[in-house]
Each structure stands twice: as structure tokens, then as C-alpha cells.
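So that we are looking at the same thing, I have put the structure below in C-alpha cells.
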Amino acid sequence: MREAFKSKYELFRQKTYIIIYGTNTFAGRLFDLILLGLILLSVILVMLETIQGFDVKYHDELVFLEWIITIFFSIEYILRILTIKKPTKYIFSFYGIIDLIATLPMYLSFFITGTSVLTVVRALRLLRLFKILNHPQFSSQSVHLRESIMASRGRILVFMYFVLISCILIGSIMYVVEGPESGFTSIPTAIYWCIVTLTTVGYGDISPITPLGQFIASFVMIMGYGIIAVPTGIVTAEIAKNNLIREQKNKRICKNCASEENSISAKFCSECGHEL
Amino acid sequence: MREAFKSKYELFRQKTYIIIYGTNTFAGRLFDLILLGLILLSVILVMLETIQGFDVKYHDELVFLEWIITIFFSIEYILRILTIKKPTKYIFSFYGIIDLIATLPMYLSFFITGTSVLTVVRALRLLRLFKILNHPQFSSQSVHLRESIMASRGRILVFMYFVLISCILIGSIMYVVEGPESGFTSIPTAIYWCIVTLTTVGYGDISPITPLGQFIASFVMIMGYGIIAVPTGIVTAEIAKNNLIREQKNKRICKNCASEENSISAKFCSECGHEL
Amino acid sequence: MREAFKSKYELFRQKTYIIIYGTNTFAGRLFDLILLGLILLSVILVMLETIQGFDVKYHDELVFLEWIITIFFSIEYILRILTIKKPTKYIFSFYGIIDLIATLPMYLSFFITGTSVLTVVRALRLLRLFKILNHPQFSSQSVHLRESIMASRGRILVFMYFVLISCILIGSIMYVVEGPESGFTSIPTAIYWCIVTLTTVGYGDISPITPLGQFIASFVMIMGYGIIAVPTGIVTAEIAKNNLIREQKNKRICKNCASEENSISAKFCSECGHEL
Amino acid sequence: MREAFKSKYELFRQKTYIIIYGTNTFAGRLFDLILLGLILLSVILVMLETIQGFDVKYHDELVFLEWIITIFFSIEYILRILTIKKPTKYIFSFYGIIDLIATLPMYLSFFITGTSVLTVVRALRLLRLFKILNHPQFSSQSVHLRESIMASRGRILVFMYFVLISCILIGSIMYVVEGPESGFTSIPTAIYWCIVTLTTVGYGDISPITPLGQFIASFVMIMGYGIIAVPTGIVTAEIAKNNLIREQKNKRICKNCASEENSISAKFCSECGHEL
């Protein structure tokens, strides 16, 4: 009888595994969609909870719904560990850690008040969408993009380092020129202003009022205008290169003369005239 | 006599069709220009109506003019249905639906007050300009642009999804760090702030005041600075590729099959294999 | 004696022509530099005049200096007409018209007060710098840039038209959603807000305060974020293409096999191995 | 005995040289890291000193730490001069001048109060990081970036000159249109506003309030939107070209002369004419 139970449990494990981890069956896809919907709902719930008027009115309903979702997530997390062959691999994977972090805050709220806002980390679970949408063309887009950004990482870091040193120097000059009356109360604040200006965000919470300060600010802005071109240029050139490489990979090779210059739609080799 | 009337009506229909739908005859072009002028005028009228001082002074004149334009549009709409062979095709086409929506609000204002502001949807009729300006070079520009944007749509959506998740997380952190005193009254508001900052709009209606908040904000801005490079890079690379393909396509014409698909370095036509 | 005067005058005309119009002689270059300095000075004078504290203190000196410059410009203008062979050609040229407009405002100030601010049009005379700096490499840069911008003009206009129609529609929606309490006092104001937001300028003089308004605004910003990519992409692709064409023009042609594939630094043809 | 001292001193000089200037030995690397840490610490100290609450509480500690760092820097500077073969070369080099300027302000604070803020120039010493990180791939990134920016310098300057002239003209128009009531108190202020707007920073400290002013501002913003594309395009095209050249250079190595300059489609080496 113990055997029978074990084999039944094994069957249940396999079926659950296909539903929870799989995306090919109908049940698997439905489970993923419901999960994604619940993640989205739980993120929205945390948001609503922070809106005062709303929280006062519907506090109990919000907490009730959050607990239901938390329990669902907890069950899902336990099932994920039980049904997989190597639980440690899942537990210490990127998604595994996020899944754990996503369930903890509500339980923590028993002991410490105000931790429920941490449930917003569930937003990270929204990245699961990419697991569901594992359409080849779509994921190749994503890979392509990541590659381009990775390849240009080095140069962007070099560039950012220069920008930060400039910000420290310009911030200090502005602190001396403008002084605390204009809102430049300290060098860190002035550096904050410089970053706000260079990135063209421009809140206007701190802005120069002396003519000299406005002159330097104008200089910083025009510099920032030119500077914005650099990271854009780096990434663009990288994506363009990547595009070109992909394009070339799609070219057809002639069996007669081994020319690689033929486009994918060509019917005859452009080098020797042999039919492709 | 009925026959004569029918043939006369048929003639009128044909003539009207050429004027309303055609752009090759003088009358057709004149009609399109007058129509465009009236659309522009009606859009300006709705705008003026919302300026308080102006509306008080010239209310009657504004309403009078709007009714004239509405009646003109109504007649035009009826004529468009009467003169075309397949009225249903026009009625359910993109422009057909817009044309209907553009005339309705004024009639609705009999029953419900305040709907006249809806007449601003007439602005969509301004898209007709592209029908009038159907110069081949011009419309190819438009097609070329749409193609590039369409081709980069996938990657931009992937990118936007990442940005939105980041905004939710950063917004929540800022809500906890800054609190309602700085204007971060709820997580949705904090997310709104994050979008305002990441897109470098930077209204300044909400801005961090605590040192830690300003530090995180600086980080977000520099991130946004790097991030702005990505969609630009995607679209630019796509347009550049499109340019290159168009350039290459125009290069070599085969004398045998008149194919224009041959690249500049090709020795044999890629369509028929004939020597170039 | 009249003949002698005439020939002397002719000589004076020629010498003056070389100084005023020429840039090759030392005197010609010196004249251009002094002229540019005076233009800059006069622009700065107009600026200083508008600074209240400064104007009150040094009003007489400012007016005196401006009159001296105006008289110098007047004499220069008359000499330019006298010494050139076809005066009408100069008078109706781009620079000729600017030169005239640059001298008139001060004379007009006799009859109408407050016209002295118009002397700022002299800033346009600063474009003369390009005439002085007619170094071939420099002016080729300028031509190259203008070509790229001209070539992408068509597509940018199409794009701008779409953006304007979007702004009218979004502005109207925001006017209805936010209303006059948030600063959206009329549709034109709302359109102004939409342009401020879409271009990521973001003054913050008008900003949405209702949750729905902030949601729509977020959408507009993210749209604007993607939209900023389009003109950048168009211009970049154009410049890149232009660069490529210039690069190819610099390639060397092999005398043996007429291959155009050799780079400018190559010593042997890459197609047939013949010495270049 | 004097000889022995001299040889000992020589040995000390050599050892110190390796530690201070070298980056290959463990001691050399450690020294560089400690130096960089101290530079960073001293920059942070200056920042903290300007934060009022903090300075009042920890003034003595801050000054004490700053003096220790200054003394360390002074000793380092003297050792750098003593151990190098050609001291003048170091003293008048870029880093030599920065190193001197970085130590002076604290000594100056004996005679003049308020100079301690100048110690922030030490931030420039952070550029030393590039000396420490002289990993070939990393420094090639840096060189590559500098080359691209240098190559596009000419065109960006031409462009900036046009933008500045436009700003003067637009600023003057806005000064006339808006007047001092809206914050456009003088033409220089209006030019400052124009730069703030064109670069899409948009503080909002000055913003148009008259309908005409808002209309012109909208025009300026849309112009600025198109204008932002130009420097981006110039830099991007340059980086893309540089990428392409680097890519192509790495493609084909000649077996005869080991030249790496051959493009992928070359059949003969462009340096020695040998068949590839």
C-alpha cells in the first residue's frame, strides 16, 4: 500500500511539474497566465494600499486579498521545490530567490509592522512573462538587445566615470558661485543639481539665480547636450554592427564558387551565375 | 423621363465622385484643399471655444461657424456614401469611421451638453493631408519610416517592459525613502515620479529632498541617461539598415530580366543568372 | 584732372574691395576680425542695455558706443555697395539684406522709441565667421552636415505632422481630464503642455494632479521617449550614409583591373595584386 | 661612507620609483589602490565639510583627517619628484600639475580662509584610475571613444555656433514678447531660458505665460527636438565608422608580410601584393 501511495505521489509530482514548469500544455499555459495575473494583482494591491483614502475605506478587503495571494504563492513555492528533481538548483536560481522573497514580507508583517510594502518586490516576478513568451523570434530579440548593451558596457562605464568627475568639479564650482541662498546648500546637493542638469532632467527645485551661475549652467547644459550623444552613439553603433552581422549570417553560400555574397532572396549566385 | 433622370443622376454621381475622391483634376484638388482648410478651421474653433475670455465674447459666432462646418461635413459624408460604388467599404474604412465620428459630436450636443469639445477628433481628419500629398517620393518616405518603426517594435516593447518593472521597484523604494512629506504620497505617485525622471522630462512637481532620496534619484537619472540610448539605438540601426538595403537595391539593373535586386559588386544577375 | 581723380578713385575702390571682401591679404583678414569683434561687441551692448541696474548706470556710454558701431556699419555698408561691380547682387543677397537690417534699428530709434532692441539682429552677422573661416576642411564639414539635414528633412516633416496631430488629441483629452484647476485652462494651453512633455523639456509650470491625468501623462512621456528616437535615427542614418559615401569616394582605383575596392592607404590592388 | 649612503639612497630611489610609478608589482598596485582610496576619501571629506549640520558636529575630525591626507599627498609629491629621472617632465605634465594643485589649497588656508573648498580639485586625481586600470582592452575602449569624439569635434562646433546664434535671436524675441513680468528680465536671462529649453533641461524657473510666448516656446521645443538629433547623429556615425574600420582591419592577415590591413573580400595583400 505504501508502494501504491508512492507511485501515486510520483504521478502527482510529474503532473504538477508539467503544469507548474511547463509551457507547452494547455494546463501549463493556463497556470502561467493565472500566476502572472495574480502577480500583477498583488503588485496593484500594494500600490492601492499606499493610497490613503483608498486604504482607509477598503483596508480589510486589501489585507484579505493579499493573504490569499500570499498563501497561493507559498503553496506554489512549496510545489516548485517538491516537484523538481534538484530542489537546491531551483532554490538558489534567480527566479527561485525572487519567488522566496516575494512570499516572505507578508509573514514578516506578523512580527514587524510596515513590511507589507516590501511585497512590491513581487514586481520582479513579472519577469516570468519572458518565460511564458518563449517564442523564438521574441527571445532572439531579447538576446540581441542584451548582447548589444553588454558589448557597449565597457565604454559606457569609462564615459560615466568621466561624467562623475566632471559633476564633482562643476558641482563644487557652482556651490562656491551660487551659495546656499539659491539652494546649493552643500557640495553633494550641488553635485545632485549637476546630475539633474547634465542628464537634461531639470527639476527646477534647485536652479541658479546669479548671472555667473546661469552662465556656468548654460555651459553645463550645452556640454550635456553634446554628452548625451556619446552613450547613444556607443549603443547605436553596437546594435547596427549586430544587425549587420545577423544580416550577413543570413546570406547564402554558392555551392559552385563558395561565394558568401548572395542575399537570402537571390536565386542565382552573383559571382558565378550558378543556380543556388 | 425617369430614365433621363436616372442617367442625369448617374452623371452627377460620377462627377461628384471625381471631385470628392479624386486628386488629379483641378476641381478635385481644390475640393481637398478647401476640405483641409475647413478641418483646420474647425479644430481651431474648438480650441478658441475653450479659452474663457474669447468664448464669452464670441460665443454665438463660434457656434454658428461650427454648425456651418458640421453641415458641410455632413453633406460631404452623405455624398461620399452616395457616389462610391461600395458604400459599406468606405463606411467601415479607417477614414470612413473618422469622418462619421467627426460629424456626430455637434448633433449630440442637442441632447447632452459639453460634447462640443469632442469635435476635436476632427484633428484626425488632418491625416487626409497624406491622401492629397500622394507624391511618390513623399509617400515612400512615409512607408520607409513606418517600416523601420514596425521592425524595431518588438525590441522596443521588450525594453519598455523592463523599464516599467524597474519603475515599479524604484518608485516603491523612493516611496519608503522619501515618504509623503516630499510629495511621494503613494506608490503610484512615486512610479509617476520615476517615469517623469527616467524619461528626463523632470517637471519638478515632485522631487526628492532627503540626501538618500537625492542619491537614489541621481542614480535613476544616470541610468535613464544610459537607457535613452537603447530605443534610439534600435530605431537608428533599423533606419540605417533600411537605407542601406534601398541603396543597394537601386544599384544594378539586369539587362536580361530587368531585376533591380543586384548589389553593386554582383557579376551575375541574382534573379536569372544572366551576366551583368 | 578729372581723369586722374577717376583713376585714383578706381584704385581706391579696388584696394577697398580687397580689404572688405577679400580674406587672403593681411589687411583683409584684419578687417574681417575687427568687423567680427564689433558685431560681437554690439550684440553684447544690446544685451547689457536690457539689464536694468546696468542700463541705469551706464546708459549714456552704451548709447554712445552703439552709435559709433552703427556709424561704422553704415560706412561699411556704403563701401560694400560702392566697391562691388554689381551692387544690386550684393544688396539683395542674404548677407546684404542682413547688413542693411543690422544698421537700420538705431536710425529708426529717432522716430520710434524702443527699437534699439532690434539691433540684436546683428547676431545674424556673426554668420560671417563662416566666410572668414573658409578653410576647405572646415567648410566641407559644414556642407556635409547641411546635406545630411536636408536629405532627412522630408521624413522629419512627415514625422512632425504626426506628432502635432497627436498633441492636439492628447491635449484635448488632458483638458477634459484635468480641467482648469490643474493649469490646463484651455486646449491650446493643454497642447502647449503636451509639447513641453513630449519633447522631454518638462517645465513643471503645468503638471497633472489627478491620478488619471498622471497616468495619461506617464503614457505620453513613455511615448515621447520612444518618439525621440525617430528624428535621431533619421538624421544619424543619413550622416552615416554620407560618411560611407565620402569614405568610398576616397578609395583608390587600380590602373590594372579598374577595381575601386582599394583603401586610400593600400599599396597594392586587393583584386589583382598590381602595384598602385 | 658617503659612497655607501649614496648607493643606499639610489637603491631607495629605485625601490620607491617602482612602488610609486609602477603598476606591475604587488606593492605598486597596493600603493595605487591606497592612493586612490585616499583621493576619494579627501573628496568626500570636502563634501561633508560643506554640509552644515555635519560640519558643526565633526569640524575638528574633518580638519584633522584633511591635514593627514594633505601631508601624505605632499610627501608623495616630493617622492615623485625625487625618484624620477627627469623631475621637470613630471612637474609640468598633466598629472604633475594636478598633483601640485591638489596639495596647495590646505596650505593656502593658513593665509586665506575659505580656500579649503578648493581641495575638491583633488577629484581630478581620480583620473589616475585609468593609469591603474591599464588593461589593454580597457584602454583601447578609451582611445577608441576619444578618437570618435575628436573626429566629430569640428562638425559639433559648427553646429554649436549655429545654435548659439539662434539662441541669441530667439532669446531677444522672447524678451520682447514676454517681458520682465514672466521672468524674462533681460536678454541674457532670455538666452539662458532659450538654452534651458533647447537642451530639453526645462527647469521651469522661467517659463512663458503669454499665449504668443507659449507658441514661440512650443516652436523652440520642437526645433530643439529635431536639433538634439544632430550631435547624436554625428557622434554615432563616427563611432559606427570606427567600429567598422576596426572590424574590417581584423579580418584578413597576409601570410607573406603579416599585414592585418586586408579587408575580408581582398584577394591580394594591399601591403606587399602577395596572394592571400
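Order of writing sets the labels: A, B, C and D. Residues in every chain begin at 1.
FYI, a contact is a pair of C-beta atoms (placed from the backbone, for glycine too) under 8 Å apart; a residue touches a chain by one contact, two chains touch by 3 or more.
This structure is a prediction, so every number in the text was calculated from the model and none was measured.
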Between B-C and B-D, more C-beta pairs in contact link B-C
Since chain A and chain D are copies that touch, just let me know if over half of their interface numbering is common to both, same, or not, different.
-> different
What rotation angle, rounded to the nearest 5 degrees, superposes the C-alpha atoms of chain A onto those of its identical copy chain C?
-> 180
Rounded to the nearest Å, the gap between Cα centres of chain A and chain C is 42
CA centre of chain B versus CA centre of chain C: separation in Å?
-> 30
Averaging only over C-alpha atoms, locate the centres of chain B and chain D and give their separation in whole Å.
-> 43
Would you please write down the residue numbers of chain C that are in contact with two or more other chains?
-> 188, 191, 200-204, 228, 232, 234, 236, 238, 240
Taking the complex as given, what residues does chain B use to touch chain D?
-> 200-204, 232, 236, 240, 265
Per the touch rule, the chain A residues reaching chain B in their complex are 43, 46-47, 50-52, 117, 120-121, 123-124, 126-127, 129, 137-138, 141-142, 144-145, 148-149, 156, 160, 163, 188-189, 191-192, 195-196, 198-205, 228, 231-232, 234-236, 238-240, 242-244, 247, 261-263, 265-275
Name, in rising order, each residue of chain A that touches chain D in their complex.
-> 154-155, 158-159, 161, 165, 168-169, 172, 175-176, 185-188, 191, 197, 200-204, 207, 209, 211, 214-215, 217-218, 221-222, 224-226, 228-230, 232-234, 236-238, 240-241
